Every structure is written in C-alpha cells, then in structure tokens.
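One structure below.
Residue numbering begins at 1 within each chain, and the chains themselves are lettered A, B, C and D in the order written.
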C-alpha cells in the first residue's frame, strides 16, 4: 500500500489528501494531519474521493461518431479527425468559428496548455471556463 | 470576479483560510459555507467558539445562520440596498476609517454622496429586514478590529453580481478592513481549480496572470515566448459560445472537462447550440450529457492519474500527484492537447508537467517562483510569488492595493430580472448541497455519497406545503417560463414562505432548465440564484 | 527466559532491518511532507522512523481496510451467478511502535470480529500480525487514555512491549510470537537489570502525571447509563455535526462497515466492505426511505452510547481508547471530549 | 453461537424454481440451492431470514415465508421497494440468485406450540407469519386455535391469497381481512387492522399475539393488545432495519444497543420495553 499526497478535487478549499494505491487501484482516502487546510480531517466528499475513480462508467477508449453513433476508435483516428476538423473550421471561419471551454477541474498546467493551444494554434481568444457557474 | 478586480485590482480571496478563525467579526454573505466549503465553515465555527461574532446574510436560514449572532434574511437580490444601508449607518455613527480611506483609496466622496442620498427606511423596506437588525450588523462589523467578509455565488450569480461584490469591497474599504491579516474580503471559489483556471488565462480577455490580450506589450511577450502571432481581439465568453444558437458564429467547440449541458443556464439553448455545431470534441472522464453530443470523445485521465497543480480558493498552488497510471487507454489532458497541437503543426514538447510550470513561471508573474520543485517541498505556495526566493503571500494588498489605490464604486439597487407574480408566485433559489459536487459527474458515481443523497429535493416552507397539501417526499412539479422539472418535496424551515430552494447536481432534475438567461453584463455571470416559478402537484 | 530485556537504541535500526527480512514491517514513518503515518518500512524510508509524534492513522486501517474485497462475483449469462473468494495475500506483518491506545483498539476489534463469530477476513490478518508496543512516556496533546484505562502503559496485548528508558528500550516479552522473535534475534537483547526495571516504573509514574486534559470518562458513562444527559446537549452537538464521518473513520475502534457491490464490467464485480459512519443518515435508512434514526440527535446519541454505554454493558469497558485523534478535527467541534465535558457539566 | 465458515459473507447460488405473484408489489420466490447437497443440509426456523444477493445490487435481508415443517423449498416473499428488490422482481424462473443464512433469532416455537395464537399482520408483514402459521398447522402436536387478522391498503393489495384460502379450509383457523380503502366490489371489512379485534375471540390467558407490519401498525396493535390484557411475553413482533452483514458486526441494524440481525428480528414486548425504539415509543 502506498500513500500518495495529492489535492482534493471536490471544492475550492483544496484539502491535502492521501490516496492509497494498491495494485494499480485507489482504495482509500485519508486526510493529511499537517496540511494547512485539511488538518487531519476531510468532509464526507473527501473521505470518499477514491470511490469514483474506478467506476465502470469511466471512459477508457476514444469514441468517434459514425452513422450517428459514438463508437470506440483508436487514439490516432480520434486525434487525426479532430485536428482535421479544427483546422478546417478555423480556416473557413477566419479564426472566429471555434470556441474552447477549459476546465476548473483540470490542472493549472492543462489550463495553461489549452489556452496556449487556443491562442497560438487556433488563433482565437474564444476560451473560457465556468468560473461563474 | 470583476467586482474585486475593479475595486482592489485582484479578484481573489485576500486572506488565507486559516486567518478566518482569528477574525473578530465574520460577515458571510450568499454562502452556504457548511455545505459548500466545509473546511472554511470549520474555521468559522472555531472562531465563534473563541468568541467571534457571526453575521450571516442569506435569504434562507442555513445551518450557519443557526450559529449567527445576526441573521439578515434579506429578500433575494437585495444585497446592494442592505450593504448601502450598513455603510450609511457606519457613516452616521462615525465608524469610518478616515485614515485608511485617505491613504489607500480613491473615489470615496462619490460613494459618500450617494450614501447621503440614501433613505434608510426605504432601503430596509426593500430588503425586508428590520432596520434595527441592520444597525446592529453595521455596528458590529465596523467596530471590530478584525472583520472579515466571506461571500460566494449567492452574491455573484445575480444580474448585479459585480455590483454586489463592489458593495462588499466598499464596505471593507470604508472601515479599513483590508490589507491586514485576519481581515479582508474573501470570495469562496466553488470548484477546486477555478482560481487556477482564471490565473492560467482560460478567459477570453487575458493571458495567464491577468495580462490583457489587448495590450501590445503583453501580447509581444507571449508572441516571443510562443513564437507565433497572437490575436488581439477579446474572445467570446462561455455564455456567448454555449448560447449562440443554431446560427451562431461558433461552428466548432473543444470542451475539456466541462458539462455545459447541465451547468449552464437555459439548457434548451445550450443543447440547440451544441447539436448544431459542425464539430464538437469533448475530453472527459465520463460520458457526460455534453460528451453524448460530441463527434469525438477523448477519455481523459482523472486527477488521481496525473501530475500538476491546483490553485485553491486562498490562492495556494499545490501539487497534484498520481496515485496510479491512467486507467484503460486514458491520457492526460496535457497529452491530448499536445498531440492535437502537433497534428496542427505546432510542437508542444514538454517532458513533464514540471516543464510546463517552468514556462508558466516565466510568463505569469504572480506564479514567478512556483516551480514544481519548490511546491514539492512545502504545502504549496500562495500567489503572488514573484520569484524563487519569494515565500508566497498569506494575504493580499499589504502596503498598497494591487491596482494601486482601492477604488470605491458607488452602486445602486437593481432588482432581479424576474420577480414572482400571480402566474409564477414562488421565488426559486438554487445552491449546492454537501454530498455532491457541481454537476455530479464524479460524486454521483460514488456509492457512499449517492447513498446519502440520491435525489434533488425542493425545500418548501410548511405554510406553502399546507396550502398545496403536500407532504414530505411527495413529487412536485416546478414550472418557470422556460421549462419544468419534477422534484421531491422537503418541508423545511430553512426557506421562508414564498421561496423554494433546490440544487443543480442532478441530471435527472436539471434545474437550469428553469433558470433565466439573463446575466451580469460586467462579469457574464448568469443569474442563477433567483427566478420566478410556480409549484404544483403533478 | 527472563521476561524483561533491554535493547540499545543504537541497535534499533539494525534490529528492525532484521525483522523486515522475515516480515512486512509497519511502523510510524514521518514522510517527506511531514506527516507521521503507519507505513510499511523499506530501504527508502527506514531512516524516517518517527517515535516522537502520534501517527495520524491507527492500525485499524490494516486490520479493517477502508475498502476490502470480500469476494468477486460473476453473473455469466442470464442464469449464472458465481461467487469466488479472492485470494487474500496477508503477509506476516510486524507492527512496530504501536501505542497503548492503538493496541487496546486491536483487542477491542478482536472482540468484535472474533467473539461469537469468526470473521475470516479479520482473522487472517490478525493471525499474521505481530505487535511490538511502545509505552507512552509523554502523552500527546489530546490524549486521555488514562481516563479510558487503556494507557499510557499497557500490561498485556503486545507480543513485545517496549519502554523508552533513555539510551535503551526495556522490552517485555508477551506471547509466543514475541518469544519467537526474541529467541531468533537474541543477540540484540540483554537481560534487564533492577535499575532498568525501576527506570521503567519511574517512566510510568511520570507519564501518568503528565496528561494535560482532565477527562471524566467514568462520569459521562454514568450519566449515559442513568439517561441523565440533558436533551440540550444532544441538540447542541447534533446541530454542529456536519456529517463528515471523520470521527468514525479516524477512530481506531469504530468498526462499523457497509457492504456494497462494486461492478467491474457488465457481468463481473466485487463485493466490498468499506468504512461507514453511524452518523450518516444512509447508515440506517431503509429501502423506501423510512429511517428509524430519523433525527441527527439520535444518530449522535447512538455514536456516544455505543462507545460509552453499550460497550461498557457488553464488554465491561468503553470502546473509546482515549487516543485523542478525533479531538480538534471535528468540523463543528462535536468530538467525544466536548461531549464528555458537556455531559458532565453541572454534576 | 453460530460460527461463520471461512467463506464468510460468501453467498451460495440458488435457483428460482417458481415465482408466485402475490399482488402487484409482492412476489414469492421458491428457491433451491444450485448445489443439491446444500439443500439436504439446510435447515432454518420461522422468523429467521436469508441475505439475498442480486448481481451489482448487493444484498438484502428477506424473511422466510415457508415453513421447515412442510418440507418444502425455501420461499422468500419480497415486496418491490428498492434497487435490489426491483431487480429481483424482474427475474424469471430459472434465474440464479445468491443466498446466505439463515440468520437471526427465530420465533419461540416450543412455547407457541402450547398456545392459541393471534396473528396480526399488515401488507408484506404476513410473510414471516406464514412461516409460523404453517409450522403450527403442520405440527401434529399443535392443538391450539389460530386467529389471523390481515390488513391491506386496498383489495388489490391483499397478498398471499393462496395461503389464506388454504387456512380458511381449516376449522381451527379463523382468518379475517380488512382494507384501508375499499372499492365498490369489496364486501369485506374496511378500516385499520385493529378494528378486527372486535370480531375475534380474544383471550389473553390462552393466547399469544404475533405481529408484523409497518412500524406505525405495530405500535397501534401493541398498545391495544396491552390494554386488552396481553402480557409482555405474549406480544411478539418481528422488526425490520437496514442490514448489511447479518451476523452482528456491521451494526447498521442497531436498535438502542441491540442488533436486529442477532438479537432479533423476533422480539417480545418485554424485550422491546427495555429499549428505546420507535415501534413502541
């Protein structure tokens, strides 16, 4: 069993939480005693943080819409198709037609990359996230 | 967060979470803290145990209101008249911090002149709170050495959200309750990394660290670093993108880890927009309501499967560490974006998230000293952190406000765009509950949390329930001018007669079908908190 | 064999290294973040053994994990439904540096899981466990094991019981598992001299006198038995309880659990048992919505009654071991100390 | 006390042999273990219960409605209430479910064998009483008289008609039905089950009352029986609580210090009076 200190995702408090990993599975969540926010306790959401991670409904394969239905596909096909479509619409709309939603649930690094991608690659400032919701 | 940006220059919590327990007076406005921010409520209750006074402004008698010395149960949407009345009382009682106003702020006289024009009785009548209670609250807040204001979406999700925040800022500046430890104005951010997403420039008008895209100097800095020309025009906001309709300007969208099909107001409009896109790509961990409409869905790694940082509500940037490898064929969002960029002819070759953070530190001054190695060695750092020797910032605006001088913005009452009438006699208030988070994508998949709470309840006062002949647990139909949903009745003294309350976490009961599609023009924040509905037995 | 021995502190790392060859060795380790946690010792962290701070977790986590697979199931076809016990890999484990409170908690768990019934999942782990206790010379800030009579020194329960007497540990040998260890690694130990025995006794006396909290557990028990805890105490506590479950999860003797199915695929899954808290409304809510514990006050009452009244009636002693872990962590300040103090008020 | 085997918490596959639809909400499942040897070794007593497993739905405690005296297969009567019971109701004969048990303290059958018996049931509450009633009827040494008072919500909700018709053939059994809300074609009694007391022979000296139903009904019936002079040992009920382990460890079924799974589910009023429980508060 391995305790990995990370940061809880269930609200803006940002509790320090140890995820217990065993054989590639997260099996428990406990608070950090010395963390300035969590101080050895979590709320009910934090204590059950591990429960959703391995839910069978997790997406594990890229999906692509074919004949109106989402079907599993390869990473290459999903990425190629997405890149092609984004390039096409970007060029057809003079950089105005693509909107990007970033996420308040993703990391800073990912948010940074996505806004960089939007601005540098898609050539638009059409990026936002649901800060206000 | 435009409210604090215009008054203080920085739209973030001025204090740290742990400072709240040292405050002498805590004014909580529009925050159901015990349910939405349990750790912060813990500090508030600790403070109360140590003798601090608690003022709660909330139309509902929340759990926190039970502990309040003064509970100002205002009519929803009347925060500005209430706060103006408090400020007028402070002015009349001569509790103004003249020295602070003189040294550190500007535009005070405009506010004062406006306050002198205010009719206190009229204001009290508008809010529905007795004037004597407002007096007590004003005195309590202004007389203490350390008064702290905490607010949440109950303040911002109004048509006048920005002005509400500005009023709170006025109140704090007028009494000198900023720029010190244990006292300030603290917006409690709802989502775990909403602060970080803003800091990182996931906004249509600013680069990371709030550097405007319209400013040529900042743009040149990023152009040089990213080796590409950048657009100068501000982009579309979320509401403009998701509500543009079937003939709107947005033809394609890339959505990372968001579920506008449940979180945005007027879901029918969102659905119309998304369904008519030429192309929609969604990266998420579950097949959300939004992902179901996509042309391509990328399986993303969860937070337990990646390295990175989150920024909490007190501006603390902390490490996220992987406990396991991505499950199945999942990839991290960073990997997905890099792969797309590469296919579009722009190489983003980072060896690790740490390398991305190094780039952030170079370009985003408030993150200047926040490389992963430093964050690893402590419990995270609070921005601004200008360089590697900077210890981070416990509270903001020490010595001077971020924008220079604190700017008073006089504000006047603006009623909600929809008030109850004969046809729709109830005021619907929305909020969060303890057991679930946001659109429930994750918490609804947790067996314990789902056991504890598995359905959206409609809180209704006994008086109204009697009139409707409704018992606890019965199904009720809630109709607004925009849609209808069914909810289970929970008779509760928390809501006043004439008001009903529910939550937005449940896909089975998408409350945003009912909400009005007006928003605060200054912050683009939808008016979620209030709308008029009728409640009937189905 | 002499039942009291000594082990020089200088030799402790070497002794532990030897033990870790035959056993999984679990001890309080101060990790790189500064938290002290009972963790498996390996070469990477053996230098961080921390006997000066209370571990934030207890042994419960190892004996009754937060999430434990009871068996897997397979619903093959429309008509098939099979149950397969999962292979439990329970390595022989030594728990080192276990304080009196945590050891008392293990003895309580033995009663819960092995008296009257035999919970094989617990038994497996228990049989494979060796406990090396550490008497507390200096109670921690929130400790009150003196009031629950489960410390600071423990006379039974451990396989080996250590007491810090300056430059060495006095070692008392308990049961056969302890004897086995002492026999195998005899060269680490010397027979204790009279002076060392006295030092241990002195440490015990000093420890007894250095508790900072005055807690009237007995009095609270009496008040509960007499049913004379005022209603307003229950009301006050329940209003403040914010339903985190933290007190139960962190408690070394809270052993209530739930059993749920965890689907893995369409046809397969695992039945797991996981920690549960009696303060959660779902703990007692029946299908259809009826809840015999309809009010928060009743749930809170149940929690303290179980610890301080039912268990006294059943086993002769409360199941609170006075470790103090739940003190200070409560979101609303509804911990057992506040309860005991409120319950005793005015008496 | 029963010692669990190493296969703790491990159910045994059982085949649904037959499904009897009692009403729109209640079905009786006739079951036998998939492994024939387990059927011969299996024994239980009225009042005990089994933990029933359905794939992905977990477990729920269900009382026996069959009697060991009749040497029939296991019968479990289930009302559709939640996820597991709804899934169970979807199953067809031939499907396999999981069973573990029997668990719980049974009714004091030796004592009951010497008494006249008054059964008072509401809704699904008749299920565990079926087991007691039939045990008595199939016990050659039982010579007492049996009265059965059964309340349902509406005529449509009356369950166990097969059993009721069987009992009515027996001259020593008196079985009265009532419904809360009658319909135009209902000619029987209407009103709560306690209204049937006036139509029954009540003799607290000779009779023991056995009650099962919703908490409010139990409460009302107990208080009337008490008034009529039934002693605390002659009022017996069986309780329902949320249950997980069935063996007295998980504590979900706690009832003021007692656990329904091992100390019950059968309790006499004397036992209940020592406890703080909603059914008699």
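Simple rule for what comes next: contacts are C-beta pairs under 8 Å (C-beta built on N, C-alpha and C of every residue); 3 or more make two chains touch, one makes a residue touch a chain.
Small disclaimer: the values here were computed from a predicted structure and weren't measured.
The chain pair with more C-beta contacts between its two chains, of A-C and A-B, is A-B.
Distance between subunit A and subunit D, defined via averaged C-alpha coordinates, is recorded as 51 Å.
Centre-to-centre separation between subunit A and subunit C, using Cα means, comes to 37 Å. One inter-chain figure worth recording: subunit A and subunit B are separated by 19 Å, centre to centre, where each centre is the mean of the chain's CA atoms. In whole angstrom, the spacing between the mean C-alpha positions of subunit C and subunit D is 39. Shared interface positions of subunit C, defined as residues touching 2 or more other chains, are 33, 242-244, 258, 260, 262-263, 276, 280, 331. For subunit B, residues that reach two or more other chains under the stated contact definition are 38-39, 42, 379, 434, 447-448, 452. Every pair of chains that touch is listed here: A-B, A-C, B-C, C-D.
Taken together, the subunit C residues at the contact with subunit B in this complex read 33, 239-240, 242-244, 258, 260, 262, 274, 276, 280-282, 289, 331-333.
Those residues of subunit A that touch subunit B in the complex are listed here as 2, 4-16, 19-21, 24-26, 34-38, 41, 43-45, 48, 50-55, 57-65, 70, 75, 78-83, 85-87, 89, 92-93, 95-121, 123-133. Taken together, the subunit B residues at the contact with subunit C in this complex read 34, 38-39, 41-42, 45-46, 49, 63, 66, 379, 434, 447-448, 451-452, 473. On the subunit C side of its complex with subunit A, the touching residues are 31, 33-37, 39-40, 56-57, 61, 65-67, 242-246, 249-250, 262-266, 280, 325, 328-331.
Only residues 1-13, 53, 55-60, 81-85, 94-98, 215, 240-242, 244-245, 247-252, 254-257, 277-278 of subunit D touch subunit C when the two sit together in their complex.
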